Each structure stands twice: as structure tokens, then as C-alpha cells.
Amino acid sequence: MRKIIIGVMGPGDSATTADLENAYALGQRIATKGWVLLTGGRSAGVMEAVSQGAKAAGGLTIGILPSADTEGISEAVDIAILSDLGNARNNINVLSSHVVIACGMGLGTASEVALALKNSKSVILLSDDKESQNFFRNLAPNQVYFATNPEIAIQEVAQILDAEISELNQR
Amino acid sequence: MRKIIIGVMGPGDSATTADLENAYALGQRIATKGWVLLTGGRSAGVMEAVSQGAKAAGGLTIGILPSADTEGISEAVDIAILSDLGNARNNINVLSSHVVIACGMGLGTASEVALALKNSKSVILLSDDKESQNFFRNLAPNQVYFATNPEIAIQEVAQILDAEISELNQR
Amino acid sequence: MRKIIIGVMGPGDSATTADLENAYALGQRIATKGWVLLTGGRSAGVMEAVSQGAKAAGGLTIGILPSADTEGISEAVDIAILSDLGNARNNINVLSSHVVIACGMGLGTASEVALALKNSKSVILLSDDKESQNFFRNLAPNQVYFATNPEIAIQEVAQILDAEISELNQR
Amino acid sequence: MRKIIIGVMGPGDSATTADLENAYALGQRIATKGWVLLTGGRSAGVMEAVSQGAKAAGGLTIGILPSADTEGISEAVDIAILSDLGNARNNINVLSSHVVIACGMGLGTASEVALALKNSKSVILLSDDKESQNFFRNLAPNQVYFATNPEIAIQEVAQILDAEISELNQR
């Protein structure tokens, strides 16, 4: 029976201190909810912090690596999917996630948000960057959610999942 | 000897009339310059219009299709690459292009611009959409160019190619 | 900390009764060993049978689906990776597996065995098909193992994993 | 209007002298027929030889590279598609080819033959290796052709294309 997977995307080396703190808290809360965490799997920035947070709370973590081997993989990844697809793996990240949270913003993250929205996924932007809020709200007004802290982001994920389950039951 | 490939990305069904006119003119000018055109290959929106423009001027056109077969392919595509990768093929589109022009904006196009910049490519935004200009300039100030019409976009491509060739010769 | 993943590949609709029985037994034994099972994820043939076997023994199951959605997914898949890559996902299947077992033979399975060997993986052929044994032994004599039943296949996996761990410790 | 693309697959560094001679002759004949050549694009073995042959006869050559850049690319490739997919690009090679010729055999080539047959393509084996003939004939008896020299292989391609065009016209 398919488990619920929450994808957390965010910058690697260019992550801010706030991004890292938010990511760690997201990981803890995702694990506490009993959801599986999915990231890009590398030992850098948001990927590393959110995976560490999830493991600290006893969660299960998936990393979809861009490479063919485990060089640069986060120690906090349980399930390593070695895609050897480079950035093309970003599409797999978002397709495999029930809901996507963007924690901070960067070029890779921007591609993942765009691909998630293109694939009809709901995306939560956890960031105070006005440019990215305006840009993505303009492109997909009904699929983009905003959160100012991890707690709100997790509440929004829960509401989105509830709405989807409710919709499935009504069919 | 590798030919110069210019990628033109843009909306499919949601392309505006201005996008389509710009795309057709871009295709003509790319072909006249002797460059090869690369698109997403479908018979819709910017992909169709730019490919038609290139063929009208005697150019060579490549289409990187998301599908495993040729259903929905533009009649103006000479070289059909059937990727069966869905939107993951967007990364191939930008990697294979020397320079990327975004003609209009949409979710697929946004993912391609982000992936192109992530891969250190220069990108020209041919659009008057302020949100996308602000968003991408903020993320990659030195790689993003703006154009208000196809003629300027092609001039910028020529300058970028000249600068790259000049840089290669100086090594 | 990365878990050990064993990939079991095999025919879908063209699986024989023996293939299905072998697959179910492999799944049970993989779960009992504490390894994670990876398959192509569809509710057909060897993928379905081995996943059912693993779940019956309390294991964790990953399915790398060729599609963008969960249509046709096995109910026995816990972690659904929706690749939307068609058969290109076969390369991810083998890269992500510590050891690959081919249970039966078919065109998709043949591509996975070839890709696994190309990527320097060890592959166990659980099949009495002489043509495939001769073909792959000829191409990669030091990486191909043969098994006549699931018990022997699992013993071989354990030996391969022991040898790899021993090699890592000696560095 | 889509051009006819013939894919020639074969070993890189492990190609035999006979493979290289056959590949060069295949490239010449493909170009003379007016078909476009598609290969894996690297400057090694069959890929290099067949591309050189095609260029010597004035043909157009496509290379689907496994990498994100042009390092290791054949000088005889006109259209470089930079996939950054590693061996997952093998599926694109065969999907994009109207007919596939395997010139020699190796692990990568074996995966391409299997993927081509899986995708309902016709494949010509130009090799005297009995193991591969037996293996693939057994898996897909109606799609595998054998050739003992390049001239016969090209005749078979022409016949396959004629039959496909005839079938399309009868619909």
C-alpha cells in the first residue's frame, strides 16, 4: 500500500541559515506525521538538513540522486535512488511527491516548482522572497500556497492531503 | 563538426498571438543565420510557429518530443528525437542548445529557463512579463538577457555566440 | 544510513508459472534478510509476485514506475517512484540495486541485465534458459551468476554483499 | 517533414577491426541513401567509425551523448544532443531510429537491441556472434534480422522501410 511521500526541495550550497533551520524543522514534522520524506539526496543545504531532521524524529528518507553512484550522498538518506539523470531527475522528485514544499529558492528549486505545478501538484513556498511568490502565483494561482514557517507549511500539507482523500472518497 | 543549435522554448496551447508572431519571426531569422533550431517538437503554440518560420526560410529543425511516438508532432520538424521522458526532456532541450530563447512564459517554459540557467547557459527572455524578468534576473543576473522583439533577441544570440567563440580562441 | 536494496527484474504479462513462484519466494527471502526490494512496480508478472512475497514477510518494497501516475501500480508497493521515463527507467532500477536478480527472461529484463552489467553490477540469472546464460556469460563472465532456485539465488546475493563489504573494509 | 533516421549501435573501445570496417561502410551507405545517421555520439569504436563514414559520403549525423557537455564527442557528429542521461539515453537512441542496426555486440549494444525490440522496432544484427543471434531470435523472432556484411544490412533496412511505408499507405 503506497505510503504518503512529501517532497522538500531547496538550495544546496546556497541555502541560507533560515532555509536550513526551516528544513530541519520540516523534516522533524514530516517524520512525526508518519509521512515519508523525499529529497534530491545530496549532503548539501536543504537536502541534508531536512533529511537530518526527519531521521532525528525516526522517519524514513528517500534521496533521488542525480548521479550513478553514492558520492556526495547525505548520510541521512535511507533509500538511495541513483538516477544518473543529472537535473532531469528533478521531474521524478516532484512526480513521486504527493505534495511539494519549496524551502528557500534557487535555480534547481525553481525548476522543481515549475515542473511540480506543470504536473498539477500543489506546491508550498516556504520563503519570504516576493519575486518567487509573484512569479509562481501568476503562473498557477490555484496550486501555490505560501507559508511563513514550517508549522504552517505542515498544516497546509495536511489540509491538501485531506482534501485529496476526501475527493477520492466522493467518486 | 558540431552545428550551432538555438533552442526556442515557449508555451504550447496557452501561447498568445504576440508569442506566435514572435516565434515565427525567430524561426525565420534563426534559419537565415544558418543556425539549427531546437524545440519541444509538438504541433502547438510556440513550438509549431517557430518551426514553421524556420522551415519557411529553409532551415533545419529538431524536435525533442516528450513521447515515444510521433503523435502530436509538428509537421515542420525535420529531426524527431523521441525521448519518452515526459517533461524530463526539458533538460535535454536546454543542454543541447548553445543559447536558449524563451518566447513567452508558462510552467514548462519556466522549468526550461531555470534548468538552462542552472546549466550555465545564457537565456534571452522575449516577453514583456515583469514578474518573470524580476524572478530570473534575481536568480541569475549575469546569464539573463531581455528582448522586446525578435530582431533584438537574434542580435543578442549573435553577440553571445561571438563572445563564446572569442573566449574559446583565447584559451 | 543507506539501506541495502535488492532489485528483482523479470517479465510482466509473459512470466511463466515457475517465474511467478520463484518471484514470490524471492520476495519472502529478501524481506526476511532485512533487505529492501526494488522492482519496476507494475501489477504484473514478476514485479507483482515478488512484491507480494516481500510484503507477506513484512518487508519494504520500492517500485520504480515507468509512468507519471499510479495507474497499473502493484498494491504491494510501499514506495512509488513515478519516473515518467518509460523504459529508460530500467537504468535507474539497476543503478539503485546493490545486486540484481533476473527472475525469468524477456526483452525488458534483457535490457536490465545488460545495463546492470554495463554499470559493473553483479547479476544473478534465476532461469534455466540456456540462450540467456550463454549470451550474458560471454559478455561479462565475472559478473554473472546462475541459480536454479530462489534459495541459491539468495545465498549468492549474501555472498556478493559480504565480499563487497569485506572489500570496502580492506581499503 | 520528418527525415528517416537509421540508428547504428555498437561497441566503443571494445569494437573489433571488423566492426570498425563494417561501421564505416554502413555510414557511407546510409548517407548515400539519403538517410540521417544516429549514434551514441562518442569518439570511440563503432560510433566514431560509422559517423566518419557518413560524413565522407556527405551525410547528416546525429549523436545522442550520455553527458551534459561535448567532452569525448566525435568530430563527425553534426547534431549533438546532450542528454546527461548516462546509459538511460540508450532508450532515446532506439526510439528515435526508424530501424536499428547493431554492428558488433557489447553490453551497451545488447541493452539497445533489447530496448529496440521491446519498443517494437526492427533490428538488424551485423555480427557473426552465434550467442547473440540465438538469444535475440528467441526473444523476438519476427523483429530480428541478420546480416553478414554492410551491403546486406542496408538492403534489409530498405526493405523494412518499404514495408512500413506500404503498410501506412494501405490504412
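Order of writing sets the labels: A, B, C and D. Residues in every chain begin at 1.
Keep this in mind: contacts are C-beta pairs under 8 Å (C-beta built on N, C-alpha and C of every residue); 3 or more make two chains touch, one makes a residue touch a chain.
Protein identities per chain, from UniProt: A, B, C, D = TIGR00725 family protein.
All values reported here derive from a predicted model rather than from experimental measurement.
Visitor: Hey, which one of B-C, B-D or A-D is the same interface as A-C, over half the contact pairs lining up?
Guide: Most of the A-C contacts reappear at B-D.
Visitor: Would you mind checking which chain's C-alpha centre is most distant from the centre of chain B?
Guide: C
Visitor: Report the inter-chain centroid distance for chain B and chain C in whole angstrom, where each centroid is the mean of the CA atoms.
Guide: One centre to the other, that is 40 Å.
Visitor: When the C-alpha atoms of chain A and chain B are each averaged to a single point, how far apart are the two points in Å?
Guide: It comes to 29 Å between the two C-alpha centres.
Visitor: I need the residues of chain B touching at least two other chains; which ones are they?
Guide: Expected reply: 68, 84-88, 91-92, 119.
Visitor: For chain C, which residues count as touching chain B in their complex?
Guide: 68, 84-88
Visitor: Which bits of chain C are touching chain D when the two form their complex?
Guide: Touch residues, chain C against chain D: 85-92, 105-108, 110-111, 114-115, 117-119, 129, 131-132, 134-135, 138-140.
Visitor: Give every residue of chain B touching chain D within the complex, in rising order.
Guide: It is residues 1-3, 5, 36, 62, 64, 68, 70, 73, 75, 77-85, 91-92, 95-96, 119 of chain B that touch chain D.
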